[in-house]
Amino acid sequence: MASLGTEVAGVKLRNPTMLASGFLDETGGSMLRVHRAGAGAVVTKSIGPEPRAGNLNPTLYEFDVGLLNAVGIPNPGIAAYEEEVTYALRGGAAVIGSVYGRNAEEYAAVAKRMASYGVLAVELNLSCPHAKGLGTEIAQDPEAVEEITRAVKKVVQVPVISKLSPNVADIASFAEAAVRGGADAVTAINTVKAIAIEPELRMPILRNVYGGLSGPAIKPVGLRCVYEIYERVDIPIVGVGGIVTGRDAIEYLMAGARAVQIGTAILDRGIDVFAKVCAEMEAWMDAHGYAKVEDLVGVAHGA
Amino acid sequence: MARRPMHIVPLLGILDETHDTRTYRFRADFTAKPGQFVMVWIPKHDELPMALSYLGDPKGVTIREYGDATEAFAAESVKGDLVGIRGPYGNAFVIEGSRALAVAGGVGIASIIAAVEACADSGIEVETAFGARTEGELTFLDRLKRCGPVHLATDDGSAGHHGFVTDIAANLLAGRHFDMVLTCGPEIMMKKVVEAANARGIPVQASLERYMKCGIGICDACAFDEYLVCYDGPIFWGDVLAKSHDFGRWRRDISGRRVKV
Amino acid sequence: MASLGTEVAGVKLRNPTMLASGFLDETGGSMLRVHRAGAGAVVTKSIGPEPRAGNLNPTLYEFDVGLLNAVGIPNPGIAAYEEEVTYALRGGAAVIGSVYGRNAEEYAAVAKRMASYGVLAVELNLSCPHAKGLGTEIAQDPEAVEEITRAVKKVVQVPVISKLSPNVADIASFAEAAVRGGADAVTAINTVKAIAIEPELRMPILRNVYGGLSGPAIKPVGLRCVYEIYERVDIPIVGVGGIVTGRDAIEYLMAGARAVQIGTAILDRGIDVFAKVCAEMEAWMDAHGYAKVEDLVGVAHGA
Amino acid sequence: MARRPMHIVPLLGILDETHDTRTYRFRADFTAKPGQFVMVWIPKHDELPMALSYLGDPKGVTIREYGDATEAFAAESVKGDLVGIRGPYGNAFVIEGSRALAVAGGVGIASIIAAVEACADSGIEVETAFGARTEGELTFLDRLKRCGPVHLATDDGSAGHHGFVTDIAANLLAGRHFDMVLTCGPEIMMKKVVEAANARGIPVQASLERYMKCGIGICDACAFDEYLVCYDGPIFWGDVLAKSHDFGRWRRDISGRRVKV
């Protein structure tokens, strides 16, 4: 039987599937539920210094090929969020805390507080394409990525994972910036900037006009980003974008990821998508003679 | 991906139910069960979860002017205007037993009316206890009366019992044997109804309301204990609610903060 | 009956659907066939100064959500291509000549010769993400876009359309660069950089590893790019990316395009996708009271 | 999108047919008709169009060492190796009439063998004229003979008629009445066969080869007149070929330039 255990920057995971930030992770109860459904770790909703309402509805639209969203990072703020993290941790969940801010100081302050709640690692959401005045600029400036990562590294002991945007010309150069800033790992990718238009109503569907595309449509893009980053940096990569099946997860590992995150697939496969993906990975690894996750990481680069 | 399409539909008719509540009818090609809801996109304003008050053809939602979006909708919308409808979402009232009591408060009637009709259609004897602030807010009375006895309560005594609908419900439950209770309305009201039914060991289903963004179980806006109102609910059974930490106590505001119900 | 006639930078089109560059346009015979199948115009394969073999196979992979390709711009070179253009023009096709080069001089030389064959306009492929040493760098440098556009404008009389890549942080700034260079219109988008991995074989499927994603997966991205560009520049936009139905085309028009291009949809709907899309557009416009294409252009920006 | 999946399959067996031609068997879950082809991905080398020489289970392709990819494949591949197969693509030989003549040259037999068997299976009397450079290159003789008379030709006279298969074909067509001709082989050969059949007014189908990239009718690599060999072909009727500008004259090289066949 293949073993699914993996490790990302020193964080040991029972399996390589994590809940992606922004899905069922605004509350401790839901995070615990996802943990029980089999996720190797749960990444929290991205939390900022203050409570944030996010955008007005419509904030979501389902395409055949994926999901468009512009929820706008609603979150209760880092202070109120303590009880959610604590609830999930007490229940036994492996929690990674996702944070954002307007600048390096805010990132550092929120990350520090998040770390103090006992999370295993912090993930820096450097990449939200739809929250005005937040991620967009940061995601598109390698120096900001470096500076923020460095500022956070200074104030937390747990590993720091920089999450990158695909809405740039060369994502690997952002991974390099994260490495310079001291990141212990990178996560790729966040959503791809997109819109939907309703012809009958002659208007964009999202209240925010612009949103981020996730789900199957972006899998080939996410895979490409992980593959590119793996060629350029040596720190571990967490792959995310359109993973629905165990086979998708294995493709990400072969492209260079040591763990994966799953979000949109919850829609199609339910909350136990984590257990399902793990079972599929295990079966595939057994059938193809892979004993452990590490044996898959980056092997597509061999050819 | 399993796509649940957005239906863009014209409003076929708008009916004033009370001074602040209207029913909007539309045609959309899906079938829904009593208690299920849809997300209603009011272009330029908002997208809100609404119970289906009419399940047949045409379908309908009954909306109370409550805040910015619903007020604007009431003020601006005319027959023929387009709205976006996606759904149906959530679970449904389980229609079973032989004698059912429906307890509704205010616009909660919009969620429960289809269930009352479904009871009557399945040969279940059904009575309704319905409360509102004042007589003018009691709506769907014809549809209710066609299904079975209706007991009214108003805060101001302008119709029926002068007082809470929960008083009537308690009396009815004490007076005769019901084997199913359905309820929708203000959460404090539902809490009393659920406690009363639980105390007598009668199965009870309550339809909850929470702030919703996605309506499809991914965003966590509607979290309730470890449940999601949009996905596991909106209808929860009395035994679950009895053990609930949040029911009647806590909801989440738009930023996800825990606040008093 | 709605009229489908439209005009892009002075080029009159019987309808707004064009064949996208790279599909059935390496030979005059195929271009003529697409013309007969109803396309308002056919854009040629991107033609360079010399013959080019392109990449070795596999150069294509079909996903559920789209198509991945790295054909690598095979083309017979501008000299040999004369007979193809001539054949298509003689048959009555409205031909737009797509060109590429290694630098501004090459673009200008090829475009000049292409124009001399009698094409209605030239489209500059500034954006191929998979041809090594070609589009990638050009597509990601606004100054190169400006310079190339200017160099071509100097030597041709027909309208010049700059085709942009979505693999950048801010596509509208590239449209602005094209405007500075004197472009008469822009086309958006080319394919989105992506890969596919075959787990059984532990390797990327494309021989070139990296390819470009087209088809339904990229429609929300292409729509977004057109919408963004429309907000920032005043020249006409040709929209392309994932258009399969008349409704898709109408969404692009509402986002700001004056014409659209169709490529990958040929796979699903056959070569007469052009006639089908036109019929669907006409029916929709009739049902919704739009008399002409112009009445749709950009209306989603009204709200 | 209508997805035609890529099948990754192990080679079940590799059979030497001649000194430079091998048959590779594999299982893949699709059904194909005589004359259809698949794109065979030879990992690390190339992806090439190949006729299905076995349509049943297991399927098979018969590949001649021709250039870099096919030579490397022959040299390196062993039973159990994985290849990628997508398809089947293209049209098929129309199996009809009552007396058919199949004319094959070299590895063209790989495309026609399944058609000959299909004729025999449908009760069509079928004869085959088959030519190659030398005796050792004549393959599938058992399968052919099981279907009907087989007439051989070799360039060096090592077996059958010493000379071209087109000579035999001409004789056969002159000697008795056929109502269908099928052919696959070098294009110059096919041109003669098509002309001979056209001259007698006998319907004739020829399977063409062109350089292919996509195999699915979008890239224009396989353009032929205003047709696409991968999409409209690979099999074309004699009347189309008679009017063709390209047939027997022009093909496209890998960059799309028109070059002599």
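Just a few scattered comments:
We call the chains A, B, C and D, going by the order they appear; numbering starts again at 1 in every chain.
The working rule: a contact is a pair of C-beta atoms (placed from the backbone, for glycine too) under 8 Å apart; a residue touches a chain by one contact, two chains touch by 3 or more.
All values derive from a computational prediction rather than experimental measurement.
Within the contact network of the assembly, the step distance from subunit B to subunit D comes to 3.
Put simply, the C-alpha centre of subunit A and that of subunit C have 33 angstrom between them.
Per-chain CA centroids place subunit A at a distance of 51 Å from subunit D.
One finds 36 Å separating the Cα centroids of subunit A and subunit B. For subunit B, the set of residues touching two or more other chains reads 44.
The multi-chain contact residues of subunit C, meaning those touching 2 or more other chains, are 63-66, 200, 203, 216, 303.
Viewed as a network of touching protein chains, the structure reduces to a simple linear path.
Pairs of chains meeting the touch criterion: A-B, A-C, C-D.
Those residues of subunit B that touch subunit A in the shared complex are 1-6, 8, 39, 41, 43-44, 46-48, 82, 84, 86, 213-221, 223, 225-228, 252, 254-258. Subunit C contributes residues 63-66, 68, 140, 167-170, 192-197, 199-200, 202-204, 209-210, 213, 216-221, 223-224, 227, 247, 250-251, 254-255, 284, 288, 299-300, 302-303 to its touches with subunit A in the complex.
For subunit A in complex with subunit B, the touching residues are 22-27, 29-30, 32-33, 45, 51-54, 56-67, 69, 71, 74-77, 80, 83, 198, 200-201, 203, 205, 207, 215-216, 263-264, 266-268, 271.
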